[in-house]
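This report concerns only the one structure given below.
Which chain is which? They are A, B, C and D, in the order written, and residues in each are numbered from 1.
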Amino acid sequence: MKIKVMAFASFREILGKELNLDIVGEATAAGVLAILASRNKRFKEAAFEESGWLRDYVQIMINRKRIDPRQDLSTKLNDGDELVIFPPVAGG
Amino acid sequence: MKIKVMAFASFREILGKELNLDIVGEATAAGVLAILASRNKRFKEAAFEESGWLRDYVQIMINRKRIDPRQDLSTKLNDGDELVIFPPVAGG
Amino acid sequence: MITIQITNEDFCLDELVRKAKRNDAGALVTFLGTVRDDGIERMELEAFREAALPELERIRDEAVARFNLLSVEVVHRIGSLAVGESIVAIVCAAAHRDEAFQGCRYIIEELKVRVPIWKKELGKNGERWVGHE
Amino acid sequence: MITIQITNEDFCLDELVRKAKRNDAGALVTFLGTVRDDGIERMELEAFREAALPELERIRDEAVARFNLLSVEVVHRIGSLAVGESIVAIVCAAAHRDEAFQGCRYIIEELKVRVPIWKKELGKNGERWVGHE
């Protein structure tokens, strides 16, 4: 299935603004983050603690809705879903 | 002695913006108000209750400083003093 | 940088804000009071200018000291104003937004109770001095 | 009457205020955020526009309902800005000043924590994303 990944701010600088993943079988938010980490060492260091936990400041939206990364990373994704990764917002 | 009286807003409409009183002997704020009331019936009705008390909303400045009309009307005035009469302010 | 005016002329907000802007300010809060249509046609404003200007200066100094304002602009109009016209503008610049909001609020609240300015509403049903019993 | 923009262009406050003005409004409060010089040279702003605009609309609707706002104008800039340049303007009109102050404050506070916009400070000593640990 196809998952569109978007990244902003510091994560855009590491991952690019947009990439499309083609995932075989079931996909979850956690799975997408693991794929990105396995492909990109800078992303792995920016997003994960050494212990393997996602860093506190990583924020995730799925289909334009924020999820709580401490609870909802195992949410199943569907074909065509959009997952967005960004650091804390700082507008204004 | 000469006392300059200024009036603003509703009191200006009744008394005019500025008038000069020539007072023989001692003068107080209360005395100035009494003179104005004796000369001008509309002012008397606007500034005084029937009982003779100054109405609550009458405000007084002497030489650009506000006085408390409930306490300081007996303040002595000196030659050349300025007494200003106005209703509650409403700027902004 | 810090100007207080009581004037018959209309004013330009962008110009006031340009005067209030400083490189060390990150927040500017502006209050603009306008003639509201609640059944009136015009408003006439009158000031005791010689007492109003020093009182506004005292209020500005208090606000600068309490809220670390970096600059303040105040313009208050007098004369005859139509519905929708500007009555007063207060621009406060500060390093941070909390100070700018509080300073601007302080100045308009104090202005309303302390500065000798009066207004009369003129409507179809006659006229009325605002704030009278 | 109610406009929300995320734009690369600078804006004119008088024009925003003119759009926000209404005859039944007696108070307009404007917040203007600018690039503050605390040792930086420029600031780069970036938005997830497709998510930021609807979030700003939700915030505006909340503010209108809570504080009886009569109109709201919001402009947020993105791109590269120099020290002193405007970042964001929020204009709120209401019948009375308390509502206008509170509505404007509400919108900027919520904007800062909810709307997907980011800024990077660029200074002599390198660059830094604001809000990062």
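One rule holds in what follows: a residue touches a chain if its C-beta (ideal position, glycine included) is under 8 Å from a C-beta of that chain, and two chains touch if they have at least 3 such contacts.
Everything quoted here is computed from the prediction, not taken from an experiment.
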Item to check | Longest centre-to-centre distance from chain D, chain (CA-based) | outcome: B
Checklist entry - Just curious, how far off is chain D from chain A if you go by their C-alpha centres, in Å? => result 28
Item to check | Between chain B and chain A, distance of the C-alpha-averaged centres to the nearest whole Å | outcome: 75
Checklist entry - In whole angstrom, how far does the Cα centroid of chain B sit from the Cα centroid of chain D? => result 50
Checklist outcome for this item: So, in whole Å, the Cα centroid of chain C is separated from that of chain D by 23
Item to check | Of all residues in chain D, the ones touching two or more other chains | outcome: 33, 108
Checklist entry - What are the touching chain pairs in this one? => result A-D, B-C, C-D
Checklist entry - What does chain C use to touch chain B in their complex? => result 33, 45-48, 50-52, 54, 76, 87-88, 108, 111-120, 129-133
Item to check | Touch list for chain B against partner chain C, complex | outcome: 6, 8-10, 12, 56-57, 61, 64, 84, 86-92
Next on the checklist: Considering only the defined contacts, which chain D positions touch chain C in the complex?
Outcome noted: 12-14, 17, 21, 23-38, 83-84, 95, 97, 100-101, 104-105, 108
